[in-house]
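Mind having a look at this structure? Questions to follow.
Letters A, B, C, D and E mark the chains in the order given here, with residues in each chain numbered from 1 onward.
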């Protein structure tokens, strides 16, 4: 479904992605792990057209989407819960969610979207008139995830969805990842909580210094001694 | 943009006629091809029209001379300098003109305040400056190289008051003036003069307004409340027209008296019906039957598309005076020219001009009013 | 493509910085000599006037830079401070016959007080709200200058402002004295800015600019530093104002319009805000351009606007507005201490 | 007299409000003070004058000028501001750019039309009605009605439509907005178009009221309208209206009690007082300061 | 009385009671964690402690003196410093300069000294820089000293925030989710670092959702939910507390 070939991205003079090859097949959950600054978020930014790819290609459903404007990408059925949450601080929770469904034309679908998100995160329903900027960190994270779900995407990109969430909500999030995947949504997941990420994923990639250092079946990766040492905190 | 065209077109005719004039240059002056006269005035900004008017008038005069062989056997070149009507620009410009080294004289600066900044620099460097528009009494006192071809405020104010009280027979004068050096001075002079008049004529209210706002209703409302039956409007056409318009909405009977710098075709264009009956004293009247003035007005209108304003005409005469003085002196050496200029009697389109010991002029005023959309002499 | 170009740029900047760093002394000496003999190379008063004007605008830009470049408060009304400096100094000089330096000092004090009066109540304001208040301040000062006839002489302005003099020697453009006076003042202001920035004051300024809340959490007294920046900025601009008034010899309220404020701001931004070097280049370009382009007549300010737009388009961070790529400079004693500590540690380890 | 003066002030205030809307629109989306707006307003008035001169009939002429000025707004954004956004430059670079643009437009107007004041035909000139001692002209009434209608349309647009929501999203977080599928550059250009159109409406109405047009007309009016916009809480459209009226009336009052020469700073004095009490203007939203 | 004593503080935002009569105490040299569900009011407590928000009710006593409703910059001077949940560095400054800003308050030279570069200025400035570098070394950021804060990856930015807080000279550090965005390995390193702070005599109050950090390091834990305190105790007590499990931990098994 999503195929990335030899992707290079720069921030000015910083070479952040140095030739990434990666594939996500329809219906999969693929997780992306790696230490701080490995380039995980940069990869997602490049997919969504926020960062500019210098060379290489990104194909989504056999369309080349390399460096096309971000808003086009959203329209192709890719949706993201970005790093740093990126909510609209002065807009209300409800308006934030409405914007998540910006590309959806069908009013009924939008209503269903609200219901789904509110059922998932009752906290957001309690606060639906509160401006997003005054939500607590975790509440904002819930909002970012909820907003990404609003557009009924085919491919969902999640950048550290569990960041700043309470342990029970983290569990909820992983349940959610599983259940929406069962509904047919393909997921590319970045997680620091590699243990849990690998446990829900089909396949995984390990990023190091802007290159893919390892890839394969999630179980296999989870049992790799180097991974265990460097990312799972197990000696 | 017209200035350049006319300059080049006249050049071709000059060769044939230059031999007829027998003025040889006695003076040292290097082998400069032309005699340069600077026009320093606002060419950009709010008051650009005046500077452009000056330049056009100066060019017209230069063209006439050039067609007759120029002066001292040389062609005359008008060099415009833009001072944006700002004192600081003017100071720089003056320095620049002084540094050029080959400027025979300066026509300009537009407003009195600007003139007062530039004049000392010209004086120090012995460059002749003739302002066609400065009216502040101090201006000509800066020194003996500083002249003006405009009346001082006092005489013109007296003429305006005369129109208001004698011709229109009103007693309750309201003043509306722009908040500039000129406006402030003028309104003060008017008040002083009215006070001296004694009798039952009085200034019932005085309102100052700033340029750059087109809404004069608060001032007008106040003047009207104060019971003014005539308003002396110390501002250019762009004040007189809107004031007339807005005043007549609340008091159709009001009489408005202006000054000569409001005398411009644009006053009628801008004011339409409202400026009917506005009167003012001028020293230049374009509808005059005088032959000299008629040919001048025709030439000006032909070249630039509009009739000349009073101030442009004063610039026109200023150039004429300067050139005559150069011709008489037989040199562009400013010390010499200055002497001849000071003694010159010049009969121009703005009347007969003779500088007094300060470099000021006395002029006769013509009273003009607007009737059926044209300027006519008052009877 | 773009990236490669940027990479090169980066190297050029680093290279340039290293070059300047290495040849600091010869560069400083040669530019000093050049500046000192400049009036003798050129006898043209007009050019000298322009140069002095450039110098005055550099001082103004340095003044505004403290507030805008360092503390991040965008002022659109600095003409107000210039006016206060110019008016106070010229009125004292013309009415009371005070000497130039004394009257300039008074001008600076008045502007400083105005800085406090403006800075204190506006502390809570940020961004555009502050900018518009400063804009209003500038307009109010202008209106006061225009209407307070008995003191400021209203629209008639202040005339015959004397030239500065030292020990009875009149400093004029003609004798070059004014140029040297400008040079000395410029030097003092530049050095002052430099030492201020390289201290905790400068760091506090920058901290407030980048994140006021985080700055507060570091214990920075934001009130104090904001007001300090206002005062310093006002004083510097006032001194330039006093100098300017005696250069032109005449001031009126229209000398200090909004356009002056935007001109100073444009210099700061065009040169590269938050840098000292930028103020020099910004002023040179923006002040000399209108002079060089006099022949364009009507289109002069069209082109001027175009220049602003294009410069911003291609170098939005300002011409010289780069962040230093050199390593942070440590003083010798620190390097020594660090070496010491490292070797101690190694000894400990080896023992 | 007070009544008359207040009414004079209200009319003037409507004029400011009309211009202020343009500042608020653009600020509302870019957090940018668009200093070229005053010149765009002057451009709108000149365009109307030009088309009126072509004898198209006054209303078609004004319509043409609306479109032209709107396009000018888009042009400003596309040529000068969008490249800056692409480079993620500091906001102040855009501010300086708009000052540059203002210079260009205004001096181009002077170069083509001359600096002199030109007559503009009166609009809605159906005479004057007297209410007690008050003299109210139809022009004033129409001006008020049209301003209010314009304001209403814009408020509905921004708060009740999808494109309005997109506008607010772009203001808050353009990056996230584009991730949601919003074409940010289109939305911004659209806003500039609206800004241009509102400037042209202001230009035509105000010129029709004072019957004067000149290149520099946007300078002082622009600054004061900007003050009015901030006074009301910049970015808020009702704020622009109230701010404009407040500035207009206070100017009129200042002119009555202090003299006309003080009026120019009245807007700013009121502004400063209001901002000291309410740092975000009358209707401005408080910045989100959660840490 | 404890070193830091918080008595029944309350904060309301409009209708919401974000913090409702929360009390806790911290002794010198302790590591105390505050945990609770999202939106429970933890960050708000920090904001009240550091003076960002005024408190509606209650009192905060530090070292025997009440400090509630003092200005934030004065509270830092008293000796309480913090990091932010959403990182707030001085992005335009270098790493070392960020730390130097932290030293701001315990710098004694005045404006005059800095203008005339007096010996006092030089000496103090040198001391500060040296001190800053030592702090960076201790937290493992020395190699990024000359970089601009902007260019640091997320995890390093978190560390820099802590370094900056230490530089203020405060003895009480409030860390808001210091381990967020770190992988288990990095969290473990951070844990070591915080332990070392304790050894150096710092008092640490920490908000954290990463139970592997919280349970391993805390001397005591306070739990709040919906603004109200629901439990307190040592890690093992908390891990087995019914209410805490229900409201916060869910099915996560804690090996405390």
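One rule holds for everything that comes next: contacts are C-beta pairs under 8 Å (C-beta built on N, C-alpha and C of every residue); 3 or more make two chains touch, one makes a residue touch a chain.
Just so it is clear, the model here is predicted, and its values are computed rather than measured.
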Identity of the chain that, by mean CA position, is farthest from subunit D: E
Chain located farthest away, centre of subunit C as origin (C-alpha): A
Pair exhibiting more inter-chain C-beta contacts, B-D or C-D: C-D
Cα-centroid distance, subunit A relative to subunit C, in whole angstrom: 47
Centroid spacing, where centroids are CA-atom means, of subunit C and subunit D in whole angstrom: 33
Subunit C and subunit E: spacing of chain centres that average the CA atoms, whole Å: 39
Residue numbers of subunit A (touch at least two other chains): 134
Shared interface positions of subunit E, touching two or more other chains: 43, 52, 84-86, 88
Subunit B, residues touching no fewer than two other chains: 44, 48, 179
Sites on subunit E touched by subunit C in the complex: 50, 52, 72-73, 76-77, 81-82, 84, 88-94, 96-97, 100-105, 107, 109, 111, 114-117, 121-122, 125-126, 129-130, 133-134, 145-146, 148, 164, 168
Partner subunit B, residues of subunit D touching it in the complex: 1, 4-5, 8-9, 12, 15, 107, 110, 114-119, 128, 135, 137, 210-212, 214, 216-217, 219-221, 251-252, 255-256, 259-261, 263-264
Subunit B to subunit D touching residues, read off their complex: 44-49, 52, 179, 207-210, 212-219, 221-222, 225, 237-238, 241-242, 245, 249-250, 266, 269-272
Contacting residues of subunit E [partner subunit A, same complex]: 13, 36-43, 85-86, 151-156, 177, 180-188, 209, 211-212, 247-252
Complex contacts: residues of subunit C adjacent to subunit E: 192, 195-196, 198-201, 203-204, 206-207, 209-211, 213-222, 228, 323, 327-328, 330-331, 333-334, 337-338, 341
